[in-house]
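Next come two complexes built around chain A: one with chain B, the other with chain C.
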Partner chain A sequence: MSATPVQTAAPRWLGLWPAAMLTLFFLVPFGIMLAVSVAHRDVSGFYEWSFEWDSYARFLSAFFGKVMAVSISVSLTAAAICVALAFPFTVFLSNMGHRAQTRILVVLLSALALSEVIIGFSLSTLLSQTAGIGNLFHWLGLIDEPRAYTPSLFALITGLCYIGFPFAVLVLYPPVSRLDPEIVEAARVMGASGPRAFFGVIVPNLRGAIVGAFILVFVFTLGSYLLPQLLGRSEHWTLSVHITDQAVYQSNLPFGAAMSVFLMLVALALVGLASLAGRERGAA
Partner chain B sequence: MQRRQFLKASAATVAALSAPSILRAANSPLKVGTYGGYFQESFDQYIYPEFTAATGIEIESIAEPTGEAWLVQLAQAARAGQAPADVSMMAQLARIKGERSGLWAPLDEAALSNLGNLPDHFVHRYEDGKVYGTGAVSWYITLVTNTGAFVEAPTSWTALWDAANADKLGLMSMATNSFLLEITATTYFGGTDILKTDEGVLQVMDKLAEVKPNVRLWYRDEGQFQQALETGEIPMGQYYHDVTGLAASQGKPVRSSFPDEGAVLDSGSWVVSKASKAIEPAQEFINYMAQPEIQAKLSRFVGTAPTVSRELTDLTDEEFAAVSSDKTPILPFNEIYVDRGDWINQMWSEKITG
Partner chain C sequence: MTRALKTTYVLVILALLLAPLVIVAAVSLNGPQSLRFPPVDPSLRWYGELFRQSEWLVPLRHSLVIAACAAALAVAIALPLALYVWERRGIAARALTGMGLAPFALPPVISALGFMIFWMTLGGYGRIYATIISHGIFLVTLPLVTISLGLKGIDRSLIEAARVMGAGRWGVFRTVILPLLIPYMVSGYAFAFVLSLNEYIIAYMVAGFTVETLPIKIFNALRYGYTPILAVVSVIFAALSALIFGLIGRFGNLPRLLGAERSQHD
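Now for the complex of A and B:
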């Protein structure tokens, strides 16, 4: 019998849909941003279309190098902590009963509904001197005086992890729950200890998912501009905070756009490196 | 509504919607922008209803963002021939930038009979002498403290530099809204003249950089600082005299003090977008707001300092003291931010908040 012709439910042109959406919602705005980044800054007002590298040249300074380094290391740290917490969490979660899994996932999803503002203000209260956990520690006799834990790098990373954690779990959950339990059992039968089976079998099998979760949290926290202002000190202000300052408060859209282009290029480069590393070692 | 009225109304609506310019020109309300939040609520409550009663002009209240965001929005909209608000209250820096790019509609001086009530610096003119705006309200930025943490009110801006106040201050995050350069120059360099040169600005910044160990929060969001001040989390800083007074009157443990060197007197001005199609009602509004009675009312109910001279108003000593002070104020040196704004902001990021 010859092969029956493939029946497609949708017409061919629908295949162009993703391309059209990508163009409309990514390429066009990105093109506008590129165009604005080389526009001429008009100090007394707005900007004029032209082609000049001034905004890029201004960015290439030791100061913004430092800001970029802060942004990247803060996001890398948050991503590493999120994945380190989310991966064992997800493995345990997938071993639970079906009802428990559903409930926990619903709770995690509902945390996504909270805005950055609410999370930031809640954490700054929770970590404050007057109403925060410092009072609890003092009451328990752990510290001599109630103290504030915000603003600080610790508070900032905590806030970013709060936002990033549910995303990491949601990325890890499908592959982890599909992992064949027999692989682990085989390892245990061969005499591997629990931790050994975890690091020697489960982790390598899910390297792709782990890298994926890491990248997602990294990129997501890189764009955060409210939490660094609410929970960090001024030396922890990320590039996103400076972009907001330029675009919103100093009406310097060309410079804001140039900084955004830099931030995007660096993020893309890091994402590329990470996925390349994940793929090569996964294949080995 | 009766059927006939309904039909008439819908026919009119359809006609109007199909010709947007007519919709605007017909008796549409005058759109007036003020900073969202406290200012907007106060104007909605105390000013607009009586203006409408007095003139028959309806007002649609628009919430403006602070900073230069509103200037950018007005400029972009004006390019497309649109005016998100007809009249806007603008901070001085944004007003001057708008003047430089010709964004504000020139006004008819003959229609502004109350112009004489205002001092010259609150009558804004283009270089050719045409009036385009007036002082709307002024307000003080003072030294504020939590009364629980500071039993004695501080008397000088030097308290910001006091080593005893380590990690206790909340200051505004930008050169252009904190006016800390003017404060530092007045406190330590005998006035703001030193800011006329780049070397002077850097000298003042070096002095200001000494407060950094005392600063816990460089705030952009006023609500964040006000909350921290009220709870005593951040017990000292710079803030608005009017809002602090309001919080104190509601029983919050905060106070606002006019330092010996003077508090910063900042102001907002009324301007009209050149894209506005409601110039005449806009002028009527601006003229109405320049009356001494209205300025006194703003002082009583909104807590702003009058833009007309005090003698014209019927404010009592007590009422005047609540919103203002006879001490010489520190005036913002706006011109330096227009001409050297990018450089000052960059140095500010590197030396002060960086």
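Now for the complex of A and C:
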């Protein structure tokens, strides 16, 4: 082989295997899903190929509007709380020593990896009548009788914050830890107090990253499937729950697929916005 | 803000994150079949019970097999992808990266429904290999990110040196690139393994009725009431995740893996 100066480490054919796998098992399923979303619902439980907009037309119903409104407002609330709590947390974290950072990251990753079913179970135990904080409040004399705080909207939002918080920290962590510590140092030297340096220097410098993280956490909590069932009431069900409900229990694959395509478009648009917001940071 | 105040803030939040798990760990020690806090008649009875009941052992084995194979598949796809994209800027490279990142960025229910319809059409619906492949594709993002990070850190002069000494592509890969990448491949594998273990919706929609994984089993069991055995499983899962991430943190550079550039070993 002649030694060309621009030889790459990986030959061209190496890309074929991942390309084939991702096309077959990722693009093709999406293609089929798109096709099913315009297929005709067969009452026997499946679908027959055709081209009609019936499943999309069902979006226009009042019921679907309400589902979307609940889904979005619950996720927006959770995302706002998560980012508000996670941003100072990440700033403090990134200024700690390597070992402390590693330990805290292990805790965050473990919490993030926990199955939603375990988080839902843990939180409903924590909020339950027999083993939960209701007991603690009763023992402290704050309330007359131990009571349960689940299922409720409060429990659901707590759960979404629980899964969203570690995610928010991990999304914020790279930009925050790359922020030049000298900028903050300079502000302090010029006489800015701690909170002033925080809100006057750190926050504006990372505005794009914060907006990006907010959107990503929003999309992340929007995908929550088990928590609304474990911690919320049926009127709090999110779009994810309705998609599964239609596909698995109502045997209406076309409608499930149509909702899924819709959710994908919303998520893609938002993720695109988030990456734009993240990029803007450099220019700001 | 003073240092003490900052540390307090961080510790309070960590305590809140750990609170539900502490309660569950305590509840798992209940002697009778009830969830009480503080536990009544504390014993390790339910820990032994878990390993005696086949209704829990079968899902546990499914979960472990699926996670081990799916994580291996994810690495097997991510490694060539990362190598291919490493020195290329073209449209093919960008499209491949996008496909590698997309499954993880979208709400998982979308991929889950896509996989479900795909396997129904092709005939793998309800089989364990369908769950393995679906998880493998879904989790490609994690090893892709870690391996790309490893490649970014490789000093080009090392590769040049090996080439000058007469090593071909395969020689350079085997003696220079691969040894430097192994830690990143291992952590990518570990991330994918833990997430597959805890994944619910894809496993459920692809083969939930025939191949029960542990999260599916827990959710099904919740409908029949809460028992201490659920708490036991939760404790074991949380401990396993913490152990694996702890090992990555111990032997690798976790802050750097997660995107920090400043943090160095003390």
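Criterion: the second predicted complex is superposed on the first by the 243 of 284 C-alpha atoms of A that agree within 3 Å, B and C clash if a C-alpha of one lies under 4 Å from a C-alpha of the other, contacts with A are read in each partner's own complex, and residues count from 1 in each chain.
What we mean here is this: a contact is a pair of C-beta atoms (placed from the backbone, for glycine too) under 8 Å apart; a residue touches a chain by one contact, two chains touch by 3 or more.
Note that the structure is a prediction, hence the values are computed from the model and not measured.
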| item | value |
| --- | --- |
| Fit or clash - chain C, chain B, common chain A | clash |
| Chain B versus chain C as contact partner of A:W139, first or second or both or neither | neither |
| First, second, both or neither for A:F199, with chain B first and chain C second | neither |
| Which superposed partner A:F63 touches (first chain B, second chain C, both, neither) | first |
| Which superposed partner A:Y249 touches (first chain B, second chain C, both, neither) | first |
| Which of chain B and chain C A:A148 touches, first, second, both or neither | first |
| Partner chain(s) touched by A:S128 [first = chain B, second = chain C, both, neither] | both |
| Comparison of chain B and chain C by chain A residues contacted | C |
| Chain B versus chain C as contact partner of A:L230, first or second or both or neither | both |
| Chain C collision site on chain B, chosen from 219-227, 237-245, 291-299 or 327-335, when both complexes are overlaid on chain A | 219-227 |
| Doubly contacted chain A residues - partners chain C and chain B | 46, 121, 128, 130-131, 230, 248, 253 |
| Residue numbers on chain C that touch chain A, as the complex places them | 1-2, 6-7, 9-10, 13-14, 17-21, 23-24, 27, 34-37, 77-78, 80-81, 83-88, 92-93, 96, 99-100, 102-103, 105-118, 120-121, 133-134, 137, 140, 159, 163, 168-169, 172-173, 177, 194-195, 197-201, 204-205, 214-215, 218-219, 222, 226, 230-231, 233-234, 237-238, 241-242, 245-246, 249, 254-255, 258-266 |
| Residue ranges of chain A touching chain B (in the complex, touch as defined) | 41-46, 58, 63, 66, 121, 124, 128-131, 148, 151, 229-230, 233-235, 237, 242, 245, 248-253 |
| Complex interface listing, chain B residues touching chain A | 65, 67-69, 71-72, 75-76, 96-98, 100-101, 103, 173-174, 176-177, 215-221, 224, 228, 231-233, 338-339, 341-342, 345-346, 349-350, 353-354 |
| Parts of chain A lying in touch with chain C, wherever the complex brings them together | 1, 3, 7-12, 14-15, 17-19, 21-23, 25-30, 32-33, 36, 46, 85, 88-89, 92-95, 97-99, 101-111, 113-119, 121-123, 125-126, 128, 130-132, 135, 162, 165-166, 170, 173-174, 177-178, 181, 194-195, 198, 219-220, 222-223, 225-226, 230, 239-240, 243-244, 247-248, 253, 256-257, 260, 263-264, 267-268, 271 |
